[in-house]
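Look at the two complexes coming up: subunit A is in both, with subunit B in one and subunit C in the other.
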Partner chain A sequence: MKPCSRLALLLVFLLFLAGMHLVSGARFSPIHVVTQALFDYDPKNYQHVVIVRQRLTRLVVAGYAGMVLSVSGLLLQKVLRNGLVSPSTLGINSGAITFVTLGIYLFGLNGAELFWPALFGGITATMVAFLAAGLVNRGNRDPLSLVLGGAMTATLFSAATTFVISLDPERFDDQMSWLIGDIGNFDYQPLIWLWPVGAAGLALALLLSRSLDLLSLGAEQAASLGTDPRLVQWASLAIAIPMAISAVCIVGPIGFVGLVAPHMTRMMIGETGRIPTLFCALLGAAIVIGADILARTLLAPKLLNVGTVMALCGGVAFLALILSTLRRRQA
Partner chain B sequence: MTTARIQEQETALGLRQVSFGYGAHPVLDAVSFNVRAGELLAIVGPNGCGKSTILKLMAGLIRPSAGEVLLDDLPVASIPRRKLARRLTLLAQSNEAPEAMLVRDLVGLGRFSHEGWLRRDTPEDRRHIDGAMRRMDVEALADRRVGELSGGQLQRCRMAMTLAQDADILLLDEPTNHLDLKHQYALLEVARTQALAGRAVVAVLHDLTHASLHADRIILMSEGRIAAEGSPADVLTVEMMEAVYGIRTVAMPFGRAIVHLPEGALR
Partner chain C sequence: MRRALLIRSGRHVHIPIALRPAAILLVLLSLLIILAFAALDLGSTPLPAGELLRWLAPFIDATRETDAVLLLRWPRVAVAILGGAMIAASGHLLQIVSRNGLADPGLLGISQGTMAAVVLGAAVLGIPPQWLAPAGLVGGLATAILVLSLAYRLASTTGLILVGLAVSIVLGALIEIVMVQGGMAQFARWLAWSHGSLTAVSAENARMVAIWALPLIVLTLLVARSATPLLLGREQAAAIGAAPQKLALLLTLLSAALVAPIVAVVGPISFLGLIAAHVARKLVGERPQEALPVSMACGALLLLVADTAGRTLFLPLVVPAGILVSVAGVATFLIAARFTSSRR
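Here is the complex of A and B:
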């Protein structure tokens, strides 16, 4: 099957999942009610209100978060030539969370304003991860040293977050679900301000994808094929970090997608050109939307956290990836 | 090709008093030579003599600490990468390659400098990709993933990528690495054909027999300087081997080829 048709197939699957997302919940809504709610909205109909004000907004938020986190992960994995890195395993998410809690505690920021401290935190965490990786350097370009650096960074910033919260726990009551990583009913509000970050990031990632293909041959070979490796590396980081941060600001730390969607993309469609980047974006959206369906229906009428569902899957996937890296090295 | 004919040909790339060093440790010391269109120039010498560094300087990947590398009177390191890539290509010494990439797409990366943002995979691109794959005998691998290839297969595909770039100057850093006997010679034959077609080919080679058999001209490096330069018969002498490699050899000519064997091995 051609890459284009696989992409089309994924799009159909994503639309199917989106439909599933809208009909399912604590109470099942028949399809005709959903279409009525979407195209002939009646604010006095309770079902309509649930479908549009709760499920649709959750759907959009979940799709956005999945898309930007997985494209961010894809960029990071390609530019660092390391299949174990992602916004969560580099500690970017944790760094952002720490600085957001600081922003709330010190300056009383909220909503989309938190993007700036979060971005600052993400950049700081990336630098700390690289620094720590340099210290534990297990020989040139061992993919594990950067992951160890990222793990240390994440631990460090989680501790800092806990400390900030402990200074004034009541103030963070409202943020509890966000801190674990969850999609709430009112999360669409920062998205109204932040979606351009994701849109611009995706567009730039598509423009860069060809140069990133070259970079996968090593910096010297990429340069002699006609691209400037330094420029591509910096540009990719400058796109990947704000993209991930824009998701963290909305839904908190959601791991797993950013790590796994790029791998699934490589397996399903390869890694050359722009189509895999688009595929990865759609796949990431599908994963988080799927996880949100599970979170809302597994223990219905009780809600689970999307972050919890994802973290459980993510831990297992991360272990599998590390084991396969180690095995390949022994071979 | 006779020496007289080579000398008539134009200079493709010129090194003028080029020095280079990492920190205080000098790697190259005031090296000058020209690369001419239509010749295969082999650079040989012991490990650490600066061969690969010369190639990197010629490709503009590093800047000389003194002197210049000139392409059309311009320092190569100052030419934008994309523009330079249409004139000059380097087959770097590395076996890094994305595992999930298809061989055909890998070879297609050679076309990057000819592509536009939306203009890709044109009939012209396809012609170059197909031609390069045919020359390197990797057509049968076209739909395989890079991760499934052996080291030798990957090296041939990378050479095909370099050919697809369609540049006038080819720099090859130990191109026969990972290759078996048949493909070593096949690759050097391709390099030779490129030179006969009017391109300038510079290859860093380990194997002196290869160099003697395929090169029009050889530069023998020793400790960052040119120890000898000229035709294979002029450069690959018993005296030079002893002076540069520190080993006494017996030279045995076979047609064009000159085989050096250590004296001790024959007792």
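Here is the complex of A and C:
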């Protein structure tokens, strides 16, 4: 099957999942009610309100977060040539959260304003992770040491976050679902301000994908083929971090999409060219939407958190990836 | 030639005591006693030293205020000392078993396994408080065996840690499901506990920890010597007549048992075992029968200092001990990782 047709197939699957998402929930809504709510919205009908105000907004937020996080993960994995990095395993998410809690505690920021401290935190965390990895590693580039550095960074920042929260728990009352990575009913509000970040990031990632493919041949090869390796590296970091941060600001730390989606993409259609980037974006959206469906229906009428569901599934995937990396290196 | 003092009693009892480790241990223990006094004395309500001595003396009654203040302080100090020693011993044993200088109950997911069993046991199955520590022990042991056997074939220092990390992420998600059931104040308390905090320790807790601690610490000191062959590696150990598999299983069980009561009361204090074992090895070398007691003393000192500093230095802020230990621990970990990987 050609990559294009696989992409189309994924799109169909995504639409199907989106339909499932709108239909399912604490209370099942028949399909004709959903279509009616979408095309002939009646604000007095309670079911219509639930479908449009709660499920549709959740759907959009979940799709956006999945798309942005997985493209960010793909860029990071390609540019660092390391299959174990992603926004969560590098500690970017934890760094962003620490600075967001600080922003809330010290300056009382809220909504889309939190993007700036989060961005600063993400950049700081990336630098700390590289520094830590440099300490662990001596010369030979081991893909595991960067992950170890990232994990240590995440530990450090999560300790800091806990400390900031313990200063005044009441002030963070509204943020609890955000702190553990859940999609709430009002999460679409910051999305209105932040979606351009994701859109621009995706467009730039598509533009960069050819140079990134050349870079995967090695820096010297890429330079001799007419790309500037340093520029490409910095540019992709400059795209990947704000993209991940824009998702973290909206939904909190949803980990592992950024790790798993690029791997699945690679297994399904390879990684050269522009189509894999698009494929990865759609796949990430599908994964988070699927996790959201599971979170809302597994223990219904109780709600689980998307972040928790993703950590459960993603942690297992992470374990499998580490074990296979180690096996391969041993062989 | 190591300088040693030989204690002879009759014809059969010869106890050689290496001088350097004994001296270091003595220094550490006296430091610990001084610090324990300081920790009892320091706090938001200062006590005159005379009052403290009067409280400690067996037959003299202290004033009622002193009694009340110290009733809040002594459990914390006791749990910090016992807990620090136990976590350090557990970390040291794990480092011997896995032959990996980066092992630590918090980093291998054992604390998280214990925590998951405690949390799920308390919230879902409704286990009464006094049975939580045994339930935690089962969880911790299961996790330890899972992580060590997954990473057994992979001779990689960082691999073991990453496997432990992945397992703790999954366990953390399980814990989180329970954590978010209450409100934000509850969540903040859980969060502080999940890093390790001695704020909520009561006299009851201190007694529970002491009941676990005394036999386990004695047992650890007794088996320390027999753990020496494991340092050679499995084949070598088998070649000189030890049973490495059995020994490793026993020591893993022991190290899980050592952290279970602490995790149930204080929460997992990651990195403490790692730091203490490294300091101890720097001070007295590799031999377990000398390094283990020193590392226990170091662990007790560290946790006591972290807790006392956390509750007195930044007043009116109170920093949980686990957070201070993690910050110091990350730095130690990175340096240790560098030297461990260069040795291989």
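By definition in this document, the second predicted complex is superposed on the first by the 329 of 331 C-alpha atoms of A that agree within 3 Å, B and C clash if a C-alpha of one lies under 4 Å from a C-alpha of the other, contacts with A are read in each partner's own complex, and residues count from 1 in each chain.
The criterion applied here is as follows: a residue touches a chain if its C-beta (ideal position, glycine included) is under 8 Å from a C-beta of that chain, and two chains touch if they have at least 3 such contacts.
Keep in mind that this is a model prediction, so the values were computed, not measured.
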Mind working out whether A:207 is in touch with subunit B, subunit C, both or neither, as first, second, both or neither?
-> first
Tell me which partner A:43 touches in the superposition: subunit B (first), subunit C (second), both or neither.
-> neither
Check whether A:196 is in contact with subunit B, with subunit C, with both or with neither, and answer first, second, both or neither.
-> neither
Winner on subunit A touched-residue count between subunit B and subunit C: chain C
Taking the superposition as given, does A:108 touch the first partner, subunit B, the second, subunit C, both, or neither?
-> neither
A:327 contacts which: subunit B (first), subunit C (second), both, neither?
-> second
Between subunit B (first) and subunit C (second), which does A:170 come into contact with in this model arrangement: first, second, both, or neither?
-> second
Hey, what residues of subunit A end up touching subunit B and subunit C alike?
-> none
What part of subunit A is in contact with subunit B in the complex they form?
-> 81, 207, 210-211, 213-214, 216-218, 220-221, 223-228, 266-267, 270-273
Inside the complex, what are the residues of subunit B that reach subunit A?
-> 56, 59-61, 81-82, 84-86, 88-90, 92, 94, 96-102, 105, 108-110, 112-113, 115, 117, 120, 145, 158, 161, 165, 171
Partner subunit C, residues of subunit A touching it in the complex | 132, 135-138, 142, 144-145, 147-149, 151-152, 155-156, 158-160, 162-163, 165-167, 169-170, 172-173, 175-177, 179-180, 255, 304-305, 307-309, 311-312, 314-316, 318-319, 322-323, 326-327, 329-330
So, in the complex, the side of subunit C touching subunit A is made of residues 150, 154-156, 158-159, 161-163, 165-167, 169-170, 172-174, 176-177, 179-180, 183-185, 187-189, 191-192, 194-195, 270, 317-320, 322-323, 326-327, 330, 333-335, 337-338, 341-342
